[in-house]
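Chain lettering (A, B, C, D, E and F) follows the sequence in which the chains are written, and residue indices restart at 1 in each chain.
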Amino acid sequence: MRRGLFVGRFQPFHYGHLASIKQALEECDELIIVIGSAQYSHTFENPFTTGERIEMIRAALLEEGIDLKKIVLVPVPDIGEHSIWVSKVKSLCPSFDVVYTNNSLVRRLFEEEGFQVKSTELYRRDLEMGTAIRERMLRREPWEELVPKSVADYIKKIRGVERLREICRKTD
Amino acid sequence: MRRGLFVGRFQPFHYGHLASIKQALEECDELIIVIGSAQYSHTFENPFTTGERIEMIRAALLEEGIDLKKIVLVPVPDIGEHSIWVSKVKSLCPSFDVVYTNNSLVRRLFEEEGFQVKSTELYRRDLEMGTAIRERMLRREPWEELVPKSVADYIKKIRGVERLREICRKTD
Amino acid sequence: MRRGLFVGRFQPFHYGHLASIKQALEECDELIIVIGSAQYSHTFENPFTTGERIEMIRAALLEEGIDLKKIVLVPVPDIGEHSIWVSKVKSLCPSFDVVYTNNSLVRRLFEEEGFQVKSTELYRRDLEMGTAIRERMLRREPWEELVPKSVADYIKKIRGVERLREICRKTD
Amino acid sequence: MRRGLFVGRFQPFHYGHLASIKQALEECDELIIVIGSAQYSHTFENPFTTGERIEMIRAALLEEGIDLKKIVLVPVPDIGEHSIWVSKVKSLCPSFDVVYTNNSLVRRLFEEEGFQVKSTELYRRDLEMGTAIRERMLRREPWEELVPKSVADYIKKIRGVERLREICRKTD
Amino acid sequence: MRRGLFVGRFQPFHYGHLASIKQALEECDELIIVIGSAQYSHTFENPFTTGERIEMIRAALLEEGIDLKKIVLVPVPDIGEHSIWVSKVKSLCPSFDVVYTNNSLVRRLFEEEGFQVKSTELYRRDLEMGTAIRERMLRREPWEELVPKSVADYIKKIRGVERLREICRKTD
Amino acid sequence: MRRGLFVGRFQPFHYGHLASIKQALEECDELIIVIGSAQYSHTFENPFTTGERIEMIRAALLEEGIDLKKIVLVPVPDIGEHSIWVSKVKSLCPSFDVVYTNNSLVRRLFEEEGFQVKSTELYRRDLEMGTAIRERMLRREPWEELVPKSVADYIKKIRGVERLREICRKTD
């Protein structure tokens, strides 16, 4: 049994995340999805609560036909101390064999602790994709094409775009 | 769609927890299982890490034939401030309709925030069951009969009883 | 203008606190009342929130005819580090000239920082009085005689005794 | 009895705050004034301690002839987690019926928890006013006209402008 | 170059600590002395600040003729999460090759992270020795024989016994 | 016996720090070196852990022939509350008579608590020197001339420049 670990903030969950998860699931029997910055919400960087992000991820994986039994979702708070963050992740997550990321800092931190780290080709673009989606939301431009339909539906249901605009009004 | 929420520390997961979860699943489509005191481990009260507790719960539910797709596991740390704990739970969890517990404090806190709380008949006995299991482990008495076989197997695999004895040695 | 400082947890506010406050007001123009352990509630030691404690204190002082304009209420959280607690109090409170307490630790901490500390004759008995009141509440014994009428009325209005019993049920 | 709640940082207290407080007091019997970001001081954003801010607010309200008995001052620290901040405010403050603010985020957070929120026409300008005052202090421009005389006197007494310049020297 | 690590609370530094340090220095070129529970003071368990403990340790090692150049003192706060404590120690300390302890929990935590742990024969007795010294101080019994003369002199200079008695007065 | 205190982040230790330390040691018998922002690492502002910084400082002082017996290294975490930071430093450090700094904020905070503060002529330039070194490392320009040889050797041994570049890759 091979278990992978994938880290994201999922603000919101988008097609880049989905591609990375699919790639990881081709090589692993189970995948831990760490929801980073778990304590934050109601900011431009992190508009959605962890509870909302869990709902998005589950809906998107279900829509895509990915077996939820193979997925372990684990919220991990930012602790602000990079040198002990991997230890925190290890404490909160089931054991894992490989880490999937293209983020340089995440790669570095896990490698310093002796983990195998593999690139997800789309991750870096993903990072930018999350920011791009939130900026489109603020500018009233189309963003729905960048996320699975179930995610777009969920965001509309909770009036997420209105929230983002209200909490960022000073940036208007 | 009706979603319930059940809170436990799962140190370790035992038959009392299992009975409560089955009861809740009879009335709900999905069940959020909050893993409380998530940041603690390596003490008599909380010997196992959250990662280990997730592995136990998943193994037990799988053994019992419970559909993991209906389950949402969410670790929640102790924040030491009872008056804002329900707010923390709401932030970390998907929305829920009903809370299952027999613990007086948990019941009180959720009721003060307006939630419907239902009793799980076995919960109170469960609380004592967790302590009883850990005490049996310390005294080298049989404890395996109180937990699902997959949980006993996992605890043996990670040499959990030895850990408990070592971290409690001063109480010998 | 002479300003005093008096520290308590006010769980609940009782006649011992009142006597100390009156004594301090005889010697000072203004009195800062620090509400200690401000972040705690819903425990046997600290059943009431800071908001509830503020309502009790204001009601009791009003009932007693004490001029609220001379009083400055300041909640101060427990920070768990005694050596910096006085510094925290100084940061959160207006400047003060004298501290009123009979608690040995509080006296010691303020004296180490160079403050004048005066005894409130009744304070020590007060400490015991708070515990005594909560124990009477648990045992369904009369407790109302130990607190001002307005405090008893407020506790009844928020059903405080019921809360205390529920959160302490395991001690039944 | 109707109680309102008004949130500010009061760095320093100025005429915008005063106008908002007066507006709120026309509609409420008592007003809770939350001193936000209570733990911060000695920065450009938050030069004054909570204790100093309490002294400013009390002096200004007294100067203005506002009855201090109707005012409840409550320092509330930044906890960095927006989703539980309203719960923290509720725990630290007496119960309240209406919130006064023009800040979009504060409005949103209280509305998500079901509170009535009313606009204080001048609040938004106030936000800018605080920053403007501190910038004038740095640039040695007149700032006294933007705050009540008692506040200007207090800031001079504690040599607040000198403090601001010293802690911001790198921005010279 | 071989570097060892020794953990203690040093409340106060006594002959048991000294024996352990001497044993470790026979096998190592340099020794890191971790001052645990660094944020605590003014309690029965931890009466002395970290600053005071540093003064004690340096005085005792100097008195004993131990070369201070070979010693690295590192205060480490209690973080309350055992599973990440070793990671915190690794972040705060220079790299080390071997850990000296007889404490079961410390041994376990370092062994789980793959470190070599060696017993210091006297450590367990030491643990009891610290408590015994503080209890003797409270009961006005002789305690000086259990600590180096320089430590006894320092405790007297800062009037440490008086502090301990004052902060523990309720246990009289 | 006169003891001084010098504060720095030492990211990395450079010739500016060395000059300040030498100046302070001319006037003091012992010098406490506070390693500030102790909990941070793996960022552009704070790339090195406290453990690594301790190794750098010890190596540089040894190289320079400074007697390590006169030096007390004390890591102090950022607590984010300037008004209690000096109190935290006092708790963690042996008592001291004079503070050496050219940083305006540090000077102000210690002076508000009544300490004598002396300027180290080079400190301000030092602050810029740390940033300049890290920027040179990022831009692959020579930086070794700004730090003692032993520090440059240590940074190369732990591949510190590679770390800095990896964790800052998004700034490329």
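Heads up, the rule we're going with is that contacts are C-beta pairs under 8 Å (C-beta built on N, C-alpha and C of every residue); 3 or more make two chains touch, one makes a residue touch a chain.
For clarity, every value in this text was computed on a predicted model and none was experimentally measured.
Participant: Looking at the contacts, which chains touch chain B and chain C alike?
Facilitator: For chain B paired with chain C, the chains in contact with each are D, E, in label order.
Participant: Walk from chain A over to chain C along touching chains and report the minimum step count.
Facilitator: 2
Participant: Compare the contact pairs of B-C with each of C-D, C-F or C-E and report the one sharing over half of them by residue number.
Facilitator: C-E
Participant: If you tally contacting C-beta pairs, which pair wins, A-B or C-E?
Facilitator: Top pair by contacting C-beta pairs is A-B.
Participant: Between chain A and chain D, what is the separation of their C-alpha centroids in Å?
Facilitator: That gives a centre separation of 37 Å.
Participant: Report the inter-centroid distance (CA atoms only) between chain E and chain F in whole Å.
Facilitator: Whole-Å distance between the two chain centres: 26.
Participant: Which positions in chain A are in touch with at least two other chains?
Facilitator: 39, 41, 49, 81, 83, 90-91
Participant: Between which chains is there touch?
Facilitator: According to the stated criterion, the contacting chain pairs are A-B, A-D, A-E, A-F, B-C, B-D, B-E, C-D, C-E, C-F, D-F, E-F.
Participant: Using the touch definition from the top, list the residues of chain E that touch chain C in their complex.
Facilitator: 39-43, 49, 163, 166-170
Participant: Inside the complex, what are the residues of chain D that reach chain A?
Facilitator: So the residues of chain D in touch with chain A come to 80-83, 104-105, 107-109.
Participant: Using the touch definition from the top, list the residues of chain F that touch chain C in their complex.
Facilitator: 81, 83-84, 86-88, 90-91
Participant: Residue numbers of chain C touching chain D in their complex, please.
Facilitator: 38-39, 41, 49-52, 54-55, 58, 68-69, 72-75, 77, 90-95
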